[in-house]
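In what follows, subunit A forms one complex with subunit B and a second complex with subunit C.
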Partner chain A sequence: MTDATAPDGTRGRGAGGARGHGAEPEGLPDYVRGGRDGLGEAELAELERTWQSPPGFLAWFTHVNHTNIGRRFIITSLVFFALAGLLALAMRLQLAQPLNDVLGPEAYNQVMTVHGTAMMFLFAIPAMEGAAIYLAPLMVGARDMAFPRLNAFGYYVYLIGGTVFFLSLPFGLAPDAGWFNYVPLSSKEFSAGYGIDVWTTMITFIEVSALTAAVELIVTILKLRAPGMSLDRMPIFVWAVLVMSFMILFAMPSVIVASALLMMDRLVDTAFFDAALGGSPLLWQHLFWFFGHPEVYIILVPALGIVTSIVVTFTRRSVFGYAALVLAIVGIGMVSFGLWVHHMYTTGLPLMGRSFFMAASAMIAIPSGVQVYCWIATMWGARVRFATPMLFVLGFFAIFIAGGLTGVMVASVPFDRQVHDSYFVVAHFHYVLVGGSVFPLLAGLYYWFPKATGRMMSERAGRWSCGLVFVGFNLAFFPMHQLGLEGMPRRVYTYLPETGWTLLNQLATAGSAILALGFAITLANAALSLRRGAPAGDDPWDGPTLEWATTSPPLNCNFARQAVVQSGNPVWDRRRAEVSAHVGGLRTDRRETIVTTVLDARPHAVQVLPGPTPWPFVSALVASAAFLGLIFTPWAYVLGFFAAFVTFVLWFWPRRPWRED
Partner chain B sequence: MEHRIEVDAAELSRFAPHDHPLWWGILGAVAIEAAVVANLLTSYFYLAAQAEAWPPDGVDPPALLWPTLVLFVLPLSSLTMWWAGKGSDAGRRRQLALGVTASVGLASLALVFRSIQIAEFDIRWDEHAYGSILWAVTGFHYTHVVSAIVGTAVVAVLAWRGYFTPERQLGVVVDTLYWYFVAGVFLPIYLVLYWAPRLL
Partner chain C sequence: MRVCRLAAVASAFALAGCDGAGGVLAPASPDARLVASLGWWMFASAIFVLIVTLGLVLVGANLHRRGEPRRISFRASVLLVVAGGVAAPLLAIVAVAISGVVIGDEVEGPGGADGPWIEVRGELWWWEFRYLDEDGEVVAVTANELHLPVGRRARLRLVSDNVIHSFWAPNLQGKTDLIPGKVNLLYAEPETPGTWRGQCAEFCGLQHGLMGFVVVAEPPGDFARWLAAQAEPHRVTEPEGLAVFDRIGCAECHTVRGTSADGEDGPDLTHLASRQTLAAATIPNSRGNLGGWITSTHTIKPGAKMPSRIPEPEDLHALLDFLESLE
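On to the complex of A and B.
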């Protein structure tokens, strides 16, 4: 069946200023006029009503569409990024002079701990999850994620947990034992008060949200792909998200166990980490780093996917070495579980153990190298468009490779024992994390902002921002290598004038100011472009993957008709052949998306998805209360268990009319 | 641009209880919990390897009788779950309702055995790291049995009210999957908590 009469649907939604979510009550919104993908106007209008997230403040708590939830994850994580960034500025201000008194030692410890913890748990992971939640369903051509309500639940858990964690700072209850919270410093004997309890309970709680996102991304990617999108046609970004999700699945339980054991040590006097009673402080380090090292790659892997997407689009070429890239990403995911002990070289390990983990740590350079060469080969001889997303990607190359080089250095035991706990390590991991995740995230922000809002961001401001971030970052963190080699320990709140570290610290502080200015420009750019940006149209960058096949911002239902794909670059195919293939026969009066087989994506069923509901929010509130209670009494565990159970029953209870066919 | 319909979804199943995305989701939850168990049991061996004596001197390993009984009761409850699922597939509502109710009953019996056995532990959680990990692993599994019981009790209520049909039985299928996990994971826990201190 063909329908050649339909218009080709290149009209963007942002152009008319039509906001996709909930603004249109009855009459036909602009963007459904004339239908789309061969679907008629009236049917598309009904489909859009079915998938609408209801407007209004109270209704906000019932939204379940992945575009709404993904956007919230990203915005919330950027707020935490800004707050944790301000804390970093406070630390740099304190260190600008020897014996400075901007922050006292207690305040400095709290600020440092909250900065590190928030950047890792409240910014980096949720930002990547948010990008994945927003983009992965669009890229695989699904109408929504497999478990929309769980998605909403995960968001509220993150929002509440993150807010409580941050509020501990103004209330003076903030944790102060560093982001990895080592025992015995964090045990009750040396850290009385509630600070560490806030850390253990809230981190455990927020990881629940990471785990729900991971399960949901895995199932969405494996089961809801558009027909024809076999695994070897999946965009690299989606592969990266899949690997990230599996890593979360197997890494997060370890930190949950660790913090649960510490919680019990502090709350009911168990002795897991108490050496006097047969416990072992090193057990904490093993459990924490068995999570903590994969964590770094959980942040990095999706960033690699973002980089690949951008390199492909801005060179207008299929990626070089698709299979090698996928294997490299999977390889990084696997090897990252085998090198946690390189954080513990100074704890007195047997020689054999040290050698093993030294080799494993160096080995990760191999798949990383494969990727870099694939990107270089993709760009080789191509006419690269140097727009802002591509500029941030180039910044990523420079900074991440520098961080990778120091990584190979600290992977070696003798060198590591020299610089352990010094500013060299601070420099190294900021190069890897900021280079490896913040640069790609900003690149992704400039790249996908038009898709999410229907408006372009300013190129001019983007270039300024990119330049300032790059210069500011290097000025802030490069001197720290030297400071570390000169012996400046990390986490000290001040230093003496005789040490001779003043100049390098002042350079770093100046750099951090420039870096902050660069970030502020992007923030302002995004805020202003939301209203004033040039209309983007469906596909401003000429991208190859399915998110560019729908309107900007995406329809409530994502796609008027789901696509059937024949290659890894469906949108390019479509344009070349002047033909687009679709799925027909899905109902428009309820939320339906097609289910396909795991390997070949042959269609085999249809999933009926739930609409807006307040229960995930209620469940998240109850679970939050239970976790907060755990700071004070173990009985919160029992109470919270049954209270949460009641809300889950209400959440899942079948409601009439049952979904009869 | 020409638009073609190449896949017609009108005739595809809207139910598919045995291959539904939720089935895969529960598998994900099982993977997470299995990882938690693996972490706990690894911690057990790590603490044991660091200790001078395991269990500490003067402490007996936990008695074998009650946990061994649980080792048989839990698989038996899985059998009744399986039987209930067979009934559900064939549209025999009574068999389904009886089966899930029997499973809830058997698992509750297992909880009673577990409670007796916990009361008999020779050490408290705050006396030694051995006691801490023993209580923690036991408590973790206990919580899982409780959650499997209360979840399945809801399924049983719906079953007695005749909600499930051979198509609309996703709830039964995923609940059964989780049940198998809770019953199955007791085996490694049993071997580690009750046999490892005797054999190490």
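On to the complex of A and C.
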């Protein structure tokens, strides 16, 4: 199954190596010249044709390769990030003066709700999923994900659900009960319009896409790793993605159940949450936060993986405490399911019960501390390269640790009863989420952009962006701690002049403008570098993991031949050793990837993966129509069920056994 | 404090003073003081940890500038991770948990409560305070202005029959939610006379942002006199204004004890003129503001449930005379 060959001579396609995806005409593209990884020119050309995503507008809807889908997830999530960021600026503008009238209470509440919901559900989770979908198969040396069509389905669900959700704002149908949508405020009695229905149906719908991503990431990571990549040789980022996926699997059903119950309360008067009819408003809070708390860690955990990848590459050292880091990530994943009540300290639950959650909440400090100190031990005395990705990681350290420390403070029941639902908490969770998630994502963008596009991003612009984001962020959010302590509740559309909150609010607004400028520079940098960036070559950063072993951007088939892995840093090994091992014997005329055992990745099968197909798109379209209909009538559920069933039958129509593939 | 006072004086909306500034950091009750000192301790420890950890990051990552890159020994690395990553957080957890339970028990407990029973009702979007006697009978009803006796531990029953609100007077006590179908208890024990601002802390809809209230702490004697006055019905001295009050529909929602007005949707107005503010502690209580609130309610508070009314000028004056007589 495997054989050893000399390292190929074609690494680093050099100047002009960047190429568009999939649109190769008949002749041989440059990058297959001379073959690769011991695979001959003609075979590689055929393999590339087999894995090609067909060009053309209509064919766009049939693509299933994980690089295409991952890239779409990331770009779409960045668009939502920009839009939700503009909403934040509108809110900051409104709060820059007491009794301001940039936004009335109605508009403000909608903007505030859409900002929070979009940042969580349309930006943070999909961005992490997108990064995972793009990178995890490359890092484990697979040719694609385990279920490419499901992957495509998940993307269209997210795209359609997210777009409809966002469009509710210009149409004045936006939800306005906050991103955690508490009942009874969100019940029919107190929110009559379609806004809350848009929230419940679209959030449920978008979570379907998170679940599909989780399932296929788990299977891809556990079953499609390159031979030799036993669990203890898996990159930390892949571990983090695995933990994130399991967390999604356990957390999302809770919010889907909650919003389905609320949907039923609103559509068919089931009264699950109506205290007057024996329901319970607190039930919503338990169900929501049983999802909502792990959710924070769902977007933090992969970010920790990104940070580890970057620390390793930019110190040129393997990480200290691999096992400790893995255990810490798994530990965070597990403990995060035992914290949800710390969002409910003020609801009048017995102090004894809350005390357990207080201890559990503070316990998160241990795995987080272990990770931070493992990184410090790794960096200690190393020749650290302070390129833009590393600078963003340093920013992550400062902001995330500060947010973690205020997190320990709000874990304390008596202190939290003062700052809960105040601007102190707004400051805290922006420190954790922006510090713990957005900084690593930007670091990852600068780090992997060359891999995905074949071009480097501008280092100069990157440094400016990092500096502005860091300064702007702290100026915008640090004063909010003080505002909260001075008594300013969150989610207020305005405040009175005599409260004395004006100056700090103005600082925050000024900071948000600087922050926005910082983000804009990175977005512009990415857009311009697509065409103008310096050619990157295969491995511009000297990274240790398998994504750097292929071309930039990756081949259609990811790897001409899949690698055989002998340590946790296969690409560094390959450079040191004169020979490298590859999988041989896979066919080039159909999409094949090697399947290995879960624990030690011994090869035991070959999976044939499906090629381009429009059915996932059609299914997603039908399902979207059904969910949209649910906003207006419960009958949409019945109709949608059968219609979707038909598309799934066509999707899963068995291949004829007498056909070659 | 001085700057704050100046700003308050300069402001057209100035309330009775600015004791309210400082919030959590200007505690006026034993409970708030305990929590504030807990906060300061945690803040100081957090700053210490932040400086040490970031210091280690920056020093460690720049050491190589002084010589060849070198890796610290395995033993030293383990020591670093165990000390910084396990021992220090463990210490923090124990400290947070123990202080949390002890202080939580202290500030949330009844602690020999000897103050008045008060039912706090969260409305859309204002506060009703019902003073109860020992049998739970209502003695007096007021709105958006909570009077408390100094040195006594008042018992607040927090209830709501609409959406969830949260009662927060940061100078006195942490917040507790008002949840439909549930009764929560909260104790408030001001140490010194004073006036503070409080506000709804749980998002409750359109006017959540301005759902404020005023807390007035006064010596027990003054408090008893105030409560006795509030319990009295109104003796009509302005019958013309009362007629307007009835005619334009105010009485459908507002109660004025001692008259036929017995609506229950809006605040009890029996002693409106004794209050410092209007519109859930949003504007000072003056004749001009009262007129403005009646005639252009939704300019001041968009979405407020009260419909605005524009009576004839002489009717408006009679109405204002009547409202100002509600002492």
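The criterion applied here is as follows: the second predicted complex is superposed on the first by the 637 of 661 C-alpha atoms of A that agree within 3 Å, B and C clash if a C-alpha of one lies under 4 Å from a C-alpha of the other, contacts with A are read in each partner's own complex, and residues count from 1 in each chain.
Here, contacts are C-beta pairs under 8 Å (C-beta built on N, C-alpha and C of every residue); 3 or more make two chains touch, one makes a residue touch a chain.
The model shown is predicted, which means the values in this text are computed figures rather than measured ones.
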| item | value |
| --- | --- |
| Touching partner for A:G38 - first (subunit B), second (subunit C), both, neither | first |
| First (subunit B), second (subunit C), both or neither touched by A:R233 | neither |
| Which of subunit B and subunit C A:V257 touches, first, second, both or neither | first |
| Touched partner set for A:R143, first subunit B, second subunit C, both or neither | neither |
| Subunit B versus subunit C as contact partner of A:S280, first or second or both or neither | both |
| Residues of subunit A that lie at the interface with subunit B and also at the interface with subunit C | 280 |
| Residues of subunit A that touch subunit B when the two form their complex | 1-4, 6, 8-9, 37-38, 146-147, 150, 211, 214-216, 218-220, 222-224, 227, 249-250, 252-254, 256-257, 261, 264-265, 268-272, 274, 277-280, 283, 286-287, 290, 561, 564, 574, 578-586, 592, 594-595, 603-608, 641-642, 645, 649, 652, 654, 658-659, 661 |
| Residues of subunit C defined as touching subunit A within the complex | 4, 7-8, 11, 13-15, 18, 20-25, 32, 34-35, 38-39, 42-43, 46, 49-50, 53-54, 56-58, 60-64, 69-72, 77-78, 80-81, 83-86, 88-90, 92-93, 96-97, 99-101, 103-105, 107-108, 158, 162-164, 166, 168, 170, 174-177, 179-182, 184-185, 197-210, 212, 282, 302-303 |
| Of subunit B, residues touching subunit A in the complex | 1-16, 19-22, 24-25, 28-29, 31-33, 35-36, 38-40, 43, 46-47, 50-51, 56, 125-133, 135-136, 143, 146-147, 150-151, 154, 158, 163, 167-168, 171 |
| Touch list for subunit A against partner subunit C, complex | 104-106, 108-109, 177-178, 182, 184-185, 190, 275-276, 280-282, 317, 320-321, 324, 346-348, 351, 354-355, 358-359, 362-363, 365-366, 368-377, 379-384, 394, 397-398, 401-402, 405-406, 408-409, 411-422, 484-487, 489-500, 502 |
